[in-house]
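Read from first to last, the chains carry the letters A, B, C and D; within each, the first residue is number 1.
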Amino acid sequence: MTDRRRINGPPGGTRPPVFASSIKPTTVAAERPQRQRQPNELRKIFLKTGLIPSASGSSYLEFEPSASLSAARASPQSVIPPSSSLKLACTVHGPKPLARSATFSPNLVLTTHVKYAPFAARQRKGHIRDASERDLGVHLETALRGAIVAERWPKSGLDITITVLEAEDDRWWADAPDSHDAAWGMMNVLAGCITAASAAIADARIDCLDLVAGGVAAVVADETAERGVSAPRLMLDTDPADHRSTLSACVVAYMPARDEITELWLKGDISKASVGIDDKNLTHEALIDGAVDAARGAHSVLAEAVRESAERFAGLSSGKST
Amino acid sequence: MGGPTASLHPLSRADGSASYRCPATGSNVLGSVNAPIELPGRRDALKPEDATIEVFVKPGTAPGGVGERHIEGILRDALSRIILGREKGYPRRGVVITLAIVGGDSIGRGASYLPILPALLHTSILALLSASVPLSMSISATILAVDSSGKIIREPSSADAAATASLHVLAFTSKGHLLLNESEGAFNFDTWERVYERALTICHGTSALGSDGDVAMTETVDSQPLEGLVRDTVEDRIHVEYAWKIDAA
Amino acid sequence: MSSPLILLPGDEVPTDYLPSNGSAPLRLGPGLRLLSQAHPTPASTSKHVLTATQAGILSTDNKRNAVSILSSSNRRYIPTPNDLVIAQVHHSSVDYFYCMITPQSPHAVLGQLSFEGATKKTRPMLRGGDLVYARVLSTGLGAGAEVELACVNLATGKSEPGGLGPLNGGMVFDISTGMAARLIRASSASAEQQQVAGLVVLDELGKKLEKAGGFEIAVGRNGKVWVDCSNSEDHAVRTTVAIGRCLTTIDEHNLNPTDQRKLVTRVLREMKIES
Amino acid sequence: MASSAAVSTAPPALSLPPSQFARLQPHAYLLAHLSPPASSQQPSIRANGRAPSQFRVTSTNTGSLTHTNGSSVVRLGDTTAVCGIKAEILHTEDIASWSVSHSSSSSTPNKRRKLTNPTEKPGEDRQDGSDEVEDDDSYIEDFSLLVPNLSLSTGCAPGFIPGAPPSALAQSLSHRVLSLLHSSRLVRSEDLEIWYQRPNLGPEELERHNEDEQMDVDVEQDGSGSVGETREIKAFWVLYIDIMIISLAGNPFDAAWTAVLAALRDTKLPRAWWHADNETVICSDLVSEARRLSLRGLPVASSFRVFEADAASGWRAVIVPDAEEERKIAESDRKGIQRRWVLADPDGYEEGLAQERVCLVIDKDQRQNGKVVIVKMEKNGGFAVDRKELKELVAVSAQRWEEINKILGQC
């Protein structure tokens, strides 16, 4: 299993470090991070365009670190981070002529590519895209295809590449990885990818119907001091590490001006949850609405970043003409 | 310990080929050159006014890896400077150089490629000459090691190379330019200048730059300059091929 | 200038080796280029120098005032206009025969009507495997360009020089391209030129086989030589093979004229061909 | 290409906007900047506004990636490299070649080694056991303990297809980083060793001993003789060093190497010990117990390209002056027109125009008053840079070392 185009590690393979505290979780003050935000309060998003001059368009997106993470940063106790925050870079190359061998296309051909850096997650990622990364690419492509005016660029291609430098956790690290538990962190990554790609496409001056933004909402159950597991609740922009269990989550790609959803991805089962409790509002519709609300929030950041990009472009072209 | 030996045109199917072995460093390289040839499928990448030079290095035992890609880049950069790719028949076509490391120690992961670099350079230049690819000049190269006491060792064996403070590969053109230098290990500039002087003597003998006079003493140590080896190899081959003409004249 | 001068790329051609033919312009052959002084310094005497770009023997021709480098004789053939080649028909289309000049190069095209006196009705019906003696008309430009052959001088409508066209019977032998060039020079008459090429084998064979009916020979620059002795009746095949053996042996061992004569005598004796 | 014709007419009366001119006639454009007409009194300046030996503004930021043991972001002008280091554990039982001789009590494997200390006499090192331990890094090379990989498939520049296997450039850069890590011996083998003390000592003592062993690297391990019988290496740390070039605008190597350097300086390894009952290595998650790597020196890379005025040299057949004449011409250049410029830290535009490259990696020996030590010197692809020029470049690189030292010191 050696890759001749890369530098390989020891042939016998290596093992990720095992921490004493993960064997006996009681020893260190290993407490589950707690969500400090209101259920409908979103994390701040840092989004900037045009940082990569060699690309036609680019953006960099970073989620605000959770309270627990910033506390851990300020006064480090444990080498194990309590949670992580999404960081990714997106570049857009094109529109450019299609490859010689490609078949004719009357529309702009969109290619999306999402790759985690090997150091992006708690477990080292491989160099070759795995199924989940491919999956993200497909979801992202659907989300964007609905927003781009593709017939404006016949016989052309547009490459969108996203490098995830730091991904969200799927659950709290000390929780036993439950085989039935889904990769919840991926949903947040997808929301981030959609928002970042949208900014980069606008930065590349590709015609779009609207700025499409990504948002996540989830139904989560938390541990409370009094009654063990609390009743499931709907929350926006969840960090999976904050919660005891995530029952269901939804990510949407949403265009506010047209009130359209270009991509919807819903995972998990809330039928049990809604049966168990009185709250009849805990339906899939409510979940989707929550995700749309989260996307609206992201959209405001996105619009600001795109405005900045447009101003820079206008400044540039006026400078050129003088 | 004999000096390096070389032969021209050991392969009959290639346009040009050469083999080179240096007993001191234990390197043994067989190279072939095909030029000018069409490079189909790369039409977009071809330069309209120049030849495209491609170098492939095949290690003897292990499969190739990132180290080979690196050394191929070094060889291509050096050789493209002396190949006249704009001569008639060469633009838009390829000069393909394939070098097989036949003997000697295999180079491990991330290990230095310097010990075999002079042999690769010599094999390439001889194979290019044998293929009659137009060149602006010829080159010769050598490897020197400096041990911890500052002593310069010529063409160290792989065991010696591993135990030295620094390793230097220098390649000179037949007009005395420093075409390539690859040095690694810890050293200072004065040491390198001494290495440079010695390498120049090894490649060109004292006649090339004998203005100082003090280099004469090294003459006895480094018997035949390497440039002479390249020249002799080519001349021998031509003498054989044109025996009818030379005998007649 | 008795000993031949061997040059390597970058070596300057000494001025005393150049043909001194007064006013006529010097012709540069392959392997040489003229360099001009980019940065004139007072020290340098001449503004121009001739340097070699290939390794080989410096060859000068006083009569034509030409100078060139003879490099390695065993090169792959690269088609150049006006070369005579022996090509093998591979397949044909309505307008063209597709011919093989060397196994590794793409097919060359030969027009169905590029034969002496060929019309739609009288054109030769060549099939795959047939041989033609043809001239390279053009090589085209750029990658993927086709080499075009012709068996007729398009201006005159004749097969010039003589012998162009389909080769029937006989046998083809592979020789080096350098040998092919020498054979062409040697076979184009004049004893003096044979001296230049250092080949006496054809002369020798011609003398010895005259009685047996002589032989026909065609040399292609692509390293092929076609030999036919259909006049020598029952000895035809044996004689053809003998000639081929002589040529390939001389090529392989780079024999000098004396050895060539010895070889011819020996081969003919071994093959029991009367002389 | 009528670039030679454009040279003479380049500076005055442009009908094209500069950005167009830069694209159509890149060579003439850069040349016009570098050799302004003598009458204009302008200094020779590159198209990007830098002086020939000026590097781009460099900034670094470390420790911002959560899931790494050490990380850095280096911006070299518009070139951005992100480096993340993840440490994993290699058990000696997983090493096929970990033979009996290794696992025996001897802590000084009888292996080949390099000498770096130039004052050390050859042969002397064989007797001096303590020095040997400090100097032996063969484990790192033999067991592949450092695994650097550089990726350009991040959309960093057009032409690199995302998802494609590493290009020849990426492979070559990965190899250069690895070979420089090996030849500069930046990382100490002993920092990566995880020892096991057989429990004839009390567990507290074991703890303490381990601490001593790992925290104080400069302490001579004289004790290895007496307690050596019971100590053995059970595992190694393997550092996966991944460099993502996020934005490429020339000079990827300097950016990548600086990122590796900064990330290694940021790297903290948790305290690790062999848990005999579980037969595995256990790490402590306390930050207070984690330790940084003690790196050997600070090798700083500086890359250069040589831009030649005569782009037509490939076309026009001119006499290439031999080395001796070259020097004379260079002398006369001082008075007259300059023919070539050595450009420090080339951007992508300049890299496309200059074939000859030089890369110097130098360090300053703090023990010897900051004496310059060259760790790597590469020069290839041209005739312009010879002895004299290299000497000047070493001086430029020494200045660059000070800059980088300051920048890395700040983060």
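Here is the rule we use: a residue touches a chain if its C-beta (ideal position, glycine included) is under 8 Å from a C-beta of that chain, and two chains touch if they have at least 3 such contacts.
Predicted, not measured: the structure shown is a model, and the values here were computed from it.
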item	value
Shared interface partners, meaning chains that touch chain C and chain D	B
Chain pair, B-D or A-B, that carries the greater number of C-beta contacts	B-D
Farthest chain (mean CA position) relative to chain A	C
Separation of mean Cα positions, chain C and chain A [Å, integer]	71
Averaged-CA centre spacing for the pair chain D and chain B, given as whole angstrom	26
Inter-centroid spacing, chain B versus chain A (mean Cα positions, whole Å)	52
CA centroid of chain A to CA centroid of chain D, Å	33
Contacts with two or more other chains, residues of chain A listed in rising order	5-8
Residues of chain D engaged with two or more neighbouring chains	144, 166, 171, 174-175, 178, 320-321
Chain B residues counted as touching two or more neighbouring chains	66, 69, 109-110, 136-137, 173, 175
Of all residues in chain B, those that touch chain D in their complex	49-50, 66-67, 69-70, 72-74, 77-78, 80-81, 85-86, 108-113, 136-137, 147-150, 159, 162-165, 172-173, 175-189, 192-193, 196, 209
Of chain C, residues touching chain B in the complex	2-4, 6, 8-11, 31, 33, 51, 53-57, 70-76, 78, 106, 142-144, 178, 195, 198-199, 254-257
Chain A-facing residues of chain D, complex	17, 19, 64-68, 71, 78, 80, 82, 84-91, 94-96, 143-145, 147-149, 151, 153-158, 162-163, 165-166, 171, 174-175, 178, 238, 240, 242, 244, 246-249, 268, 270, 272, 280-287, 290, 348
Interface residues, chain A side, partner chain D - complex	5-23, 28, 51-55, 58, 69, 76-81, 83-85, 87, 89-93, 96, 113, 115, 117-122, 124, 127, 129, 159-163, 165-166, 320
Of all residues in chain D, those that touch chain B in their complex	1, 112-122, 141, 144, 146, 166, 168-169, 171-172, 174-176, 178-183, 314-315, 320-324, 326, 355-357, 363, 371-383, 385-387, 390-391, 394
